[in-house]
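Following this line, the structures themselves.
In the two assemblies presented below, subunit A is common to both, partnered first by subunit B and then by subunit C.
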Partner chain A sequence: MARHKGRGFAAINYPIGMNLGGDPSQALVHSNPDGKFMVSLSSIDLGQGMKSVTRQIAAETLGVPVEDVYVDTADSDTGPHCMGSFASRGTHRVGNAVIAAAQEARAVLLEAAAEELEVSAADLETDGRGNIHVKGAPGRSITTAAASLAAQFKQGRTVSGRGIFLIPFAGVDPETGEMTPVSCFAHAALVVDIEVDDETGEIEVAKLSSAYEVGRALNPKLVEQQLVGGAWMGMSHAAWETTEPYYPDRGHGPEDFNQYLMPGPGDIAPHDIAILERPAPDGPYGGKGPGEMCANPVLPALANAVYDAVGVRIDELPVTPEKILRGIQANGGARPKGRR
Partner chain B sequence: MARTPVEFRLNGAEKAVFVEGGANLLDVLRRGLGDMTPKYGCGQGTCGTCTVLVDGRPQLACLTLAETVAGREVRTVAGLPDGAELHPLQDAFMENFAAQCGYCTPGMLMAAAALLERRPDPSREEVVEAISGNICRCTGYEPIIAAILDAAQRRRRRAS
Partner chain C sequence: MSSQTRVELRKDLFADERDDNLNEIGRPTARQDILGHVTGRSPFFDDHQFDGLLHMRCVRSPHHHARIRRIDIAAAERMPGVRRIILGRDVPHNLNTLLSLIDFGRDDEPLLATGKVSYVGEAVAAVIAETERQARDAVAAVRVDWEVLPHVLDPEEALAPGAPIVNETWPRNVFEYHDKYTHQKLRFGDVERAFARPDVEIVEGRYQMSPIEQAPTETCGAIAAPETNGRYVCHTSTQALFFSLGTTAKLLDMPSSRLHFIGGTVGGGFGGKVDSLHEPLAVLGAILTGAPVKYIWDRAEEMQVGAPRGAERWYLKDAVTRDGRIVARRFRGYFDCGAYTRLSSYAVQKATGHLPGPYTIENVSSDVYCVFTNRTPATAMRGFGITGVDFAIECHMDKVAERVGLDPIELRILNAYRDGDMKAHRRLAKNTALIECCQVAAEKAGWPIRPEFAAMSSLTGGGGDRAAIPETVTDEEGRVDGTPAARPAPRPAAPAPAPAPATASTSARPAAPATRPAAPPATPPAAPPVAPPVSAPAPAAAPAERPQERPAQKPYQPQEPFTRGVKKPGAHRFSSLSGTRRR
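Here is the complex of A and B:
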């Protein structure tokens, strides 16, 4: 009996979003008379940070403090249409829609301010702290609250904007079948170090090391949070979770948390992450989206690490102790590949 | 079905409720008393999100017969803050980004609260053990472990 160390590597190109029907999302932005802005979306925040990121994007585009922006994702019946929170599309698609909506609202805000200050809107700029002033003359200034108030009660304007993001239709080349289904790719590489027990077939993860290229990390803490958590969801898919043995027939399959296994707090290992920023040309402020790809490279990397450790090539997930033991048996013993 | 009067303290306040025979504590807290801070995850004792403290010990509310808390002290997340001041665990969870969807959070907080009362200066292993009955799908646990260790420090600083 022995424990064998193994190291596995995987690299991925990850397409952001999908192309079905142009993968559109809409956003609506309007100001209230107190100068606070509301961003209405149907894009759901399930903890990944959709609200935080769209709030930052709206504030940046409008030129107002982030505290003055609210994001309402309350109801997909009454909100503007969104395809949904999946395929890592949120930051990219919805973020672009929010930029478009916020630009339109900003233009009206500046017109309202221009009317109050008796200048041309083209001569105005925002300071990001709630003021609009004449370029080069900060003294000639009005607050966004006062401009919104004037728009509402004096000028009869709605300070509002509409935005949509739609991927251009990608035709298929009849000769080659070539097309451009996706406009934006993110990239990642991951190394996993494990130990495999050749008597029990059990895997212990010693360390994860990864690099993720996510465009610009619009909210670095949220990006890190997703990468840390998502890696363990990937590990869970790789080594624990299964609907076996007869999926899609549920017979004898796991039905609850007693049988449907996932890693617990005692199973995790240190994860060293490098976040590489290479802003995407068509991303909102260069952002792509960490989303699903934080789980993806873990699966092939783990399968490769098992091969490195004991010479068993497993091509069906999850990589269970049983499969490892059967592989070792078929090979007539563990065949560590050794460090090259 | 017979209804039994049960009196206990919830986060320091006296409560008197009638409970159905067989009713579990989680239902009584949420539906009977309107304390929605303990969550229903699995209803069978495997996820930990319904964790509350009964006389200071973490207990799964979904598996606790409501009648058994008669005369005892039950604590939930609603009782963690001290007036307007959040519990050090709550501050630490926020600042360490220890929640994403937040579904596991109430159970994690209560399991951790029990640990810190017992062990004000816990090791990482003790933290891991304390939350080993709580499943988190989102965070990968690391930020939660870090938050609990951080909260222990904050708590000791506040006390001194």
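Here is the complex of A and C:
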């Protein structure tokens, strides 16, 4: 027996948002009298960080510190319509809706400040730390708290905004498949290094090296969370998971986590990640959506690495020890292709 | 793990396309909800507790395909704690398809099956009892008289003549695209002419992805309760609040204004919490009992009844010149959507728009089928519509690289799409970055590529001739005339094997396929899939349920709705607005 090293590569792109459009999302933003903002959504935070990304987007657009903004999801009585959190649409679609709502609220805030400072709103800017001042004259300023209070208790303005983002639905041509599927794509390329035991057929992942292009890392830690977790979900899909181990036979279906195999902490390997940012022209601050695509390159990269290691092509997922062993047997032994 | 993970932001790339001087964007700000998550105090749907909460469990089919002759609930109804047993006839509008909310497809799925079941685990009745234990016991006491029907589990066999009809709404066992074809087509250029060129190598492959489970920590569920004002509150794990609200309003035939849905903090979704099966049943349960009702899957249901990422099977054929330029790529794909459409019809179009992957190829052709089989319906999962075909494409690229003797990364860079290129769906590529990703990943892994490949860029070399739309060959293969009855009669003694395209591992070296061999070469599936219109099971028009004699179990009628039970004294004595228990 021997353990054989192998490495595999794959590259992918990924469409952001619901294919063909037709998937609106809305946002409402309003300020308390003391200049603290609330973003109301009906979007869902699955753990991916929807609340945090939209919070940062709202703060950036409003020009206030992030701690002055909170995001509320999801209540159908208070949050306006959103198609939902799927299809990598959250950051892109909801983020754009939040920008639109925050821009409208910001305009009122600046008008209120302008009235207090007796200048034109066009001459004002925010410093992102809770102050509004005249461009070029930081001394002539008012806090966002004072401007909000004046707006609501003195001027009778509601410091609020509404936003919607919609890419209108466009169909598919039945004859040629001509369509406008989405407006932007994320990208990734990944190398996986593995060792294959030719006696047990087991794979051990030694290292992942990857480059993910996400438009803009709106919050690098949330991107990291997606890429690290997503790549391991991809690895799990590639080499462990299935609800139908002998598909299309329905037998032997797992019903709990003792039978449904996934990698455990001991199976985690180092992951060396580069994040590339080519902003999407229509993304919120250029952001795309890293959540789904991060898993995709891992599957083929792993199958390609197995071929490199022992000369067995596994064209059916998952890449199980059984399939590897049967392939080695059929070849009359492991046939390493030579490390690249 | 973090000590093993290294993340770097490559700010040097595309720097002139970004403004990096923003206040909040780009900062690693801690999540607004992190403290609640790590201390276990974030409220999920199941943390909302109600006095007098009832529990719902479903009676499920043990068969892949069976007619329901009779459902006998008499014994179960009398069991301790049982408050109500819901059948399909109690559902005001018991037929739906999820994407009817965006006007796509035909209603094809009941909330509770009536005439027949089409997969193992399909629900035929919902028992509501005072405890989960009592509900489980009563489920076991419901007697269903089944007439087992022939079933089909392989998507290509489902397309073969004589296959059992899985879903009467789709009598050809396929979703019909544009009311015109058995599949979604993509045609760009002329692949057959390119395959016939003398200067190309042909590389073929067959790839398959088995179903997998989204496996959220929190299983799918919902709690519904009557409000005091004729409304119903529903705490839900949904990934799409208004999808679930709209689906509930449609199935229960009630205005959305009477529904108050609350969610937003979900214990993992990954695509498995879009199907909106729990909310309608929980709300209907609350309507019929006048009490709060919880319906949540256990882990076994989550894994075997809940929709997985569906299986896909792909056949690829490439023509590649000996210097590594792919000049033609043909796909034939089968999405195994299980017994009902859910979202698979949409995924097929998403996949079609994705082809041929992130490469500029001058001739592309694709036929993708959304096929019905007698298994758990498939639904969305992380990468929906793309993951399976990306596996096929990128495994195939490895074979192409080997065939022409080119480094796998260099092959990708050589064929990568660039700004200004025409894509197969006839839109220009923009904002591309595949080449840069390949270069950076190679650099990180210490995988050497030649200088000319390291110097290439997504920004240059695209457009021009690569922006042209080639003269395209189209065809009417797989045409449906819209009237299933007019389909050709089944061929007698049709062989069982599916009409799979001829395919095999074409690698020159004897690398044995380690899995089941590809389907044997057969006649290409030029003929549209046909199934006998008569010999298969009768449609769901003849439910054989015994009329229920017990007055307490009259079918639910929405004509006199939304008052029953709502004012029942003592049923719930605290507000469900906050959702948390108050005493």
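Just so we're on the same page, the second predicted complex is superposed on the first by the 316 of 340 C-alpha atoms of A that agree within 3 Å, B and C clash if a C-alpha of one lies under 4 Å from a C-alpha of the other, contacts with A are read in each partner's own complex, and residues count from 1 in each chain.
Simple rule for what comes next: a residue touches a chain if its C-beta (ideal position, glycine included) is under 8 Å from a C-beta of that chain, and two chains touch if they have at least 3 such contacts.
What you see is a predicted model; the values in this text were computed from it and never measured.
Of the two partner chains placed by superposition, only subunit C is touched by A:Pro300; subunit B is not. By the touch criterion defined above, A:Val39 lies against neither subunit B nor subunit C after alignment on the C-alpha atoms of chain A. Note on subunit A: of its two partners subunit C and subunit B, the one contacting more of its residues is C.
When the two complexes are overlaid on their common chain A, residue A:Ala334 makes contact with neither subunit B nor subunit C. In the overlay built on the shared chain, the residue A:Glu277 is in contact with subunit C alone; subunit B does not reach it.
In the superposition on chain A, A:Ala10 contacts subunit C only, with no contact to subunit B.
Using the contact criterion defined above for the overlaid structures, shared-chain residue A:Gly47 touches subunit B and also reaches subunit C. Applying the stated contact rule after C-alpha superposition, one finds that A:Gly264 touches subunit B and leaves subunit C untouched. Looking at the shared chain after the overlay, A:Pro174 reaches subunit C, while subunit B stays out of its contact range. On subunit A, the surface patch touched by subunit B in one complex and by subunit C in the other comprises residues 46-47, 221-222, 224, 228, 230, 233, 256-257, 262, 265, 268, 271. Contact residues on subunit B toward subunit A in their complex (touch as defined above): 42, 44, 46-47, 97, 99-102, 127-129, 131-132, 134-145. Here subunit A touches subunit B in the complex through residues 46-48, 221-222, 224-226, 228-233, 256-258, 262, 264-266, 268, 271, going by the rule given at the top.
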